[in-house]
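These notes concern the structure reproduced below.
Here the chain labels run A, B, C and D in written order, and each chain numbers its own residues starting at 1.
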Amino acid sequence: MLVVMKAQATPEQIQAVCEHIEQLGFRPHPLPGAQRTAIGITGNQGEVDRGNLESLPGVAEVIRVSKAYKLASRDVKEEDTVVRFAGTDATIGGRELAIVAGPCSIENRTQAFAIAEALAKAGAQFFRGGAYKPRTSPYAFQGLGLEALKIMAEIRDRFGMRIITEALDVESLERTAEWADVIQIGARNMQNFSLLRMAGRLRMPVLIKRGMSATLEEFLMAAEYVMSEGNYQVILCERGVRTFSDHARNTLDLSIVPALKRVSHLPILVDPSHGTGRRDSVLPMARAAVACGADGVMVEVHDHPEIALSDGPQSIYPAQFASMMNDLEQIAPVVGRRLPRGIDVAAAAQ
Amino acid sequence: MLVVMKAQATPEQIQAVCEHIEQLGFRPHPLPGAQRTAIGITGNQGEVDRGNLESLPGVAEVIRVSKAYKLASRDVKEEDTVVRFAGTDATIGGRELAIVAGPCSIENRTQAFAIAEALAKAGAQFFRGGAYKPRTSPYAFQGLGLEALKIMAEIRDRFGMRIITEALDVESLERTAEWADVIQIGARNMQNFSLLRMAGRLRMPVLIKRGMSATLEEFLMAAEYVMSEGNYQVILCERGVRTFSDHARNTLDLSIVPALKRVSHLPILVDPSHGTGRRDSVLPMARAAVACGADGVMVEVHDHPEIALSDGPQSIYPAQFASMMNDLEQIAPVVGRRLPRGIDVAAAAQ
Amino acid sequence: MLVVMKAQATPEQIQAVCEHIEQLGFRPHPLPGAQRTAIGITGNQGEVDRGNLESLPGVAEVIRVSKAYKLASRDVKEEDTVVRFAGTDATIGGRELAIVAGPCSIENRTQAFAIAEALAKAGAQFFRGGAYKPRTSPYAFQGLGLEALKIMAEIRDRFGMRIITEALDVESLERTAEWADVIQIGARNMQNFSLLRMAGRLRMPVLIKRGMSATLEEFLMAAEYVMSEGNYQVILCERGVRTFSDHARNTLDLSIVPALKRVSHLPILVDPSHGTGRRDSVLPMARAAVACGADGVMVEVHDHPEIALSDGPQSIYPAQFASMMNDLEQIAPVVGRRLPRGIDVAAAAQ
Amino acid sequence: MLVVMKAQATPEQIQAVCEHIEQLGFRPHPLPGAQRTAIGITGNQGEVDRGNLESLPGVAEVIRVSKAYKLASRDVKEEDTVVRFAGTDATIGGRELAIVAGPCSIENRTQAFAIAEALAKAGAQFFRGGAYKPRTSPYAFQGLGLEALKIMAEIRDRFGMRIITEALDVESLERTAEWADVIQIGARNMQNFSLLRMAGRLRMPVLIKRGMSATLEEFLMAAEYVMSEGNYQVILCERGVRTFSDHARNTLDLSIVPALKRVSHLPILVDPSHGTGRRDSVLPMARAAVACGADGVMVEVHDHPEIALSDGPQSIYPAQFASMMNDLEQIAPVVGRRLPRGIDVAAAAQ
């Protein structure tokens, strides 16, 4: 259910509607738009009686949302969601493309700083690096944990890039929430509903990677779990799905980008590194991602991929990253976007 | 790495080898077999030096395990793992088929008892019922939680069936570990490595359902996560994978049963209810599961599936369950198995 | 559209209805049933006017068939189709299971006869062998062609088995129609509509293998192509579909068996050899196929699979075939079936 | 096997090597390159003896080609294949992108001409239209056949566009070879090896669409079938594969574009119409196709898609096509390509 307020509705009227919804045992989600505010209603106690709601002051109409996802739906919020970061002009979902880059894992301070410096100079505004790694084998390198988070916090201070890193469970979620700027929920946890709910209780951006066999609806339902807890700063990320196709590690399903744009207001990034698993496919697919309307790309970059502790074969070199930025700069205007202005690395370090 | 002890090795010698392994910074996993004990070595600090190990008293040989999964591998333990339950003769993985049945969700005491009574009479030794439900929608019924666990504990007391139920996170794992007999890790959490590790620290059986797009190796690596923490009572469960095929909810991949039997000693059940999503396919596929060598089946049964709070269309009626038992009784001998003797319901209730 | 005739309708009335349908520019398909005859109407000139049809003598009712497949649908013909072979009591789709076996390719007379003799003795009533092989590589062995057909005709004469072999195109279709008893359309040609139509113009049984990514509806539409040309002796064969799953060559989708039985009257066999690609999975999956209701199995058997010119790794040994027959004999009664009486090999050779 | 000739080898020496290869019972495939000629050797009679070949005049070296595909491999021919069309400067695989457009089916002369005129004006150099349609249902519109071919021949005369249309079997292949410029082999026939061989005996370009579940290697082996018969003018076309993903009709696997470019010299087009099945996804995915390195796109355009006899929902309007051309013009230079100069429609009609 969605309560659409009149354009001239007052904050007090909005507040009164929210309280009324709570008294009925449901949860109100006020979603301010450019023209008017809408209030999503969620809860699993059955159907809301629309009669009383429609008669409250300031209410324009009450609409039934037919899709399984509600808060993530464009029916509920028509304008694109733009995730903003205080103290910077970096955005995800705005007119400027979001460029996220970094090594698969933070291996040590030297490695991380070397890569970060190259990325910042080339114009990345978001630095990604694994601190807590979900590894198929219990015997594989599991990440440096807190130590990696601290290194990335230093990188933020030094280069001005915002930090995106993955959380796996209660403990790592608390830690990453403390040290990073965006919490990533990995593909393997896309239906870890308990983790999604916890992320929903944070008040910071959450990036959800598509599960390996998730449908569009399941992907948006993962977002809905986070949003149903009141956290609306959700970013989606396509990273390839699992199919019979064997020329790449996964099958990058770029056509989900326009499909998502039709039905949801959430920003969608594309990760061509996991999506293909091959260094020489990353640039072509990053270009394709922007060309089909993605809000940005997330790529793995390593200065010595041949000795990387994880995902070396899919990590590009810093020089390739710079080349990618050059390509994206040219493609962006075709889809009404532009690259962000580079961070002033020297100034950021002040 | 695997240390194979001589047939006549003493407990002290085994103990000494384990201590030596620990001193090297690795973890020893003594795995008693019919003829001799083998000691698996795990840890992610690189390769063990086999030289010293081979010279320890009682050691027959030291073998490199080439597969990614070690403790789950038949190379490490040749005999089939049989999971036993104290105070009963129910087993999973033994000569007798394990029959697990119950409603998708525990909805209330009356419903649960009615179904349980029918199942116990028809010969089920394991009762399954959802207390904590992983639902695609945050707005759907999420299970009765602790209340459901208590109802199932009563069912165990009343009918003698062992209880299998799913855990989703830290809290539900602690609760289910307290009240149930087997902890189920659901398909969506098959690569929730944090949850798997926690389950590995329990000393009770863990049933892992195959993820929707998990390969055989990934499935066994999930088991390996549990086993690497010292819990070797792992049961696998095939429940259908996701494909293009649309005549069933999932594509039940029965051929993984003989494939798993070749490479692993762990028991494997089949869930034809989730595997097909259609009531009228459950019996045929349950028969097929036993015919191809599964150690048992797990089926959803509901006395009024048309009003079930979840998964009604795939739940069979109690009378169909009885019919299934009759069919399986006839197929079992073809594959060297038999149905368990029925529980004496009256006696169990004493 | 389907015209259901009254139980007491005369052959002349049936004939008159068929002629009327032809005059309307459509094609009538009289389908005799146990109680009454139904007449399917096909054609792509739009909708038939049911008014006049209902008033013709002997017509009980005219029904719209809503599914895309019409003649293959159980709505049009309720009784199971049983394919019979003149001069033998072998059937496909009847109470007796159809057992089809033979080498992937006919390599020479000696090999074919050695295998055929073992199979006939063990009770196979159908001999399969490739004469024209659809090979992924143009440089691979393409089959002996006519020579292989002649060898198989000799095998029929000597051992009494009926011959099933694949046709690829106009030329091989004409040849196989002349020499064999059942024409196989392979998985790669399941949507070779031109070939299907040609097979529909024959008046002999056609076995259609499921395409590697065919849905149930597409599979039945392939049958519909053959039937729309007036050839109703169609046999379906599940042989595994292509998925991400990598423990087997294909993913044998056994749950299509009960799904097909619900909606179609056509017999369905299962090929566990192509379905798994692994010798040691063939027997378990053959048992499972019968257990879930298949009308028979089709397996590759080779006396020296290690030197087979094609598909050696999935061919079972003659002794395994005998063992399979023993297993199937025990499972058959559980699903109301039985194994065919063995062919009297000596008598057949008279 | 591949015989690499010396740069200064004479035509007579090349001819002599070819004759020698034929005498050995193999087939020579002379492949002229920018620097030197290579001669591919195919045949299924086992291994060629390289010794004698290396000693022939003009031979530089003899190389074993390890991949299953030989003539399609970049190991055998390093330079990109460029398909040219006599009497025009249209190419496929050259620096200029190939833009193929037209209705799914030719429905009548008026429809075809209206669409063709709009496309020619907007700069398409290739007109596609179905004359012989592979339809899932035998009762669906099967195409106008020869009549459609004649209409398209008129369109070529009138607007100067080259004609691409699909052949299904012997008869339609002969007809299309007579009337069209490029023969299309559809996805359902990608492994119709008999049809591929026939196409290989033609001396005109053949466009092969990827099968719905074809791997990269199988796709190239289909090309190899055509090339092994001596027809090297092969064009590949990605058109989406079948997966669990349900937000689009197929899953467009764009990452096969860079993967193919690495291993093969053949041109690759992308069909976003079949690839997505949704009009509003066609433009985004066409842009993405060019951005990731495709040699062109193939799109369905219809002036009244709501009344199209086939594939209406995925056909774009002529105005969208013009918009697409505008987008592609901007993206092309980023990948070192450009749009073809428009055909001078007036001049072409002279």
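Criterion: contacts are C-beta pairs under 8 Å (C-beta built on N, C-alpha and C of every residue); 3 or more make two chains touch, one makes a residue touch a chain.
None of the values given here were measured: they were computed from a predicted structure.
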Which of A-B and A-C has more C-beta contact pairs: A-B
Farthest chain (mean CA position) relative to subunit D: B
Length of the line joining the C-alpha centres of subunit A and subunit C, rounded to whole Å: 51
Subunit A and subunit D, separation of their C-alpha mean positions in angstrom: 39
Centre-to-centre distance between subunit B and subunit A (centres being mean Cα positions), rounded to whole Å: 35
Multi-chain contact residues (two or more partners), subunit C: 213, 241-244
Complex contact set, residues of subunit B against subunit C: 213, 215-216, 241, 243-248, 251-259, 262, 275-276, 278, 280-281, 284-285, 287-293, 327, 330-331, 333-335
In the complex, subunit B residues that touch subunit D: 242-244
Sites on subunit D touched by subunit C in the complex: 42-44, 68, 70, 134-142, 168-170, 172, 188-189, 191-195, 197, 212-213, 217-218, 221, 224-225, 228, 241-242
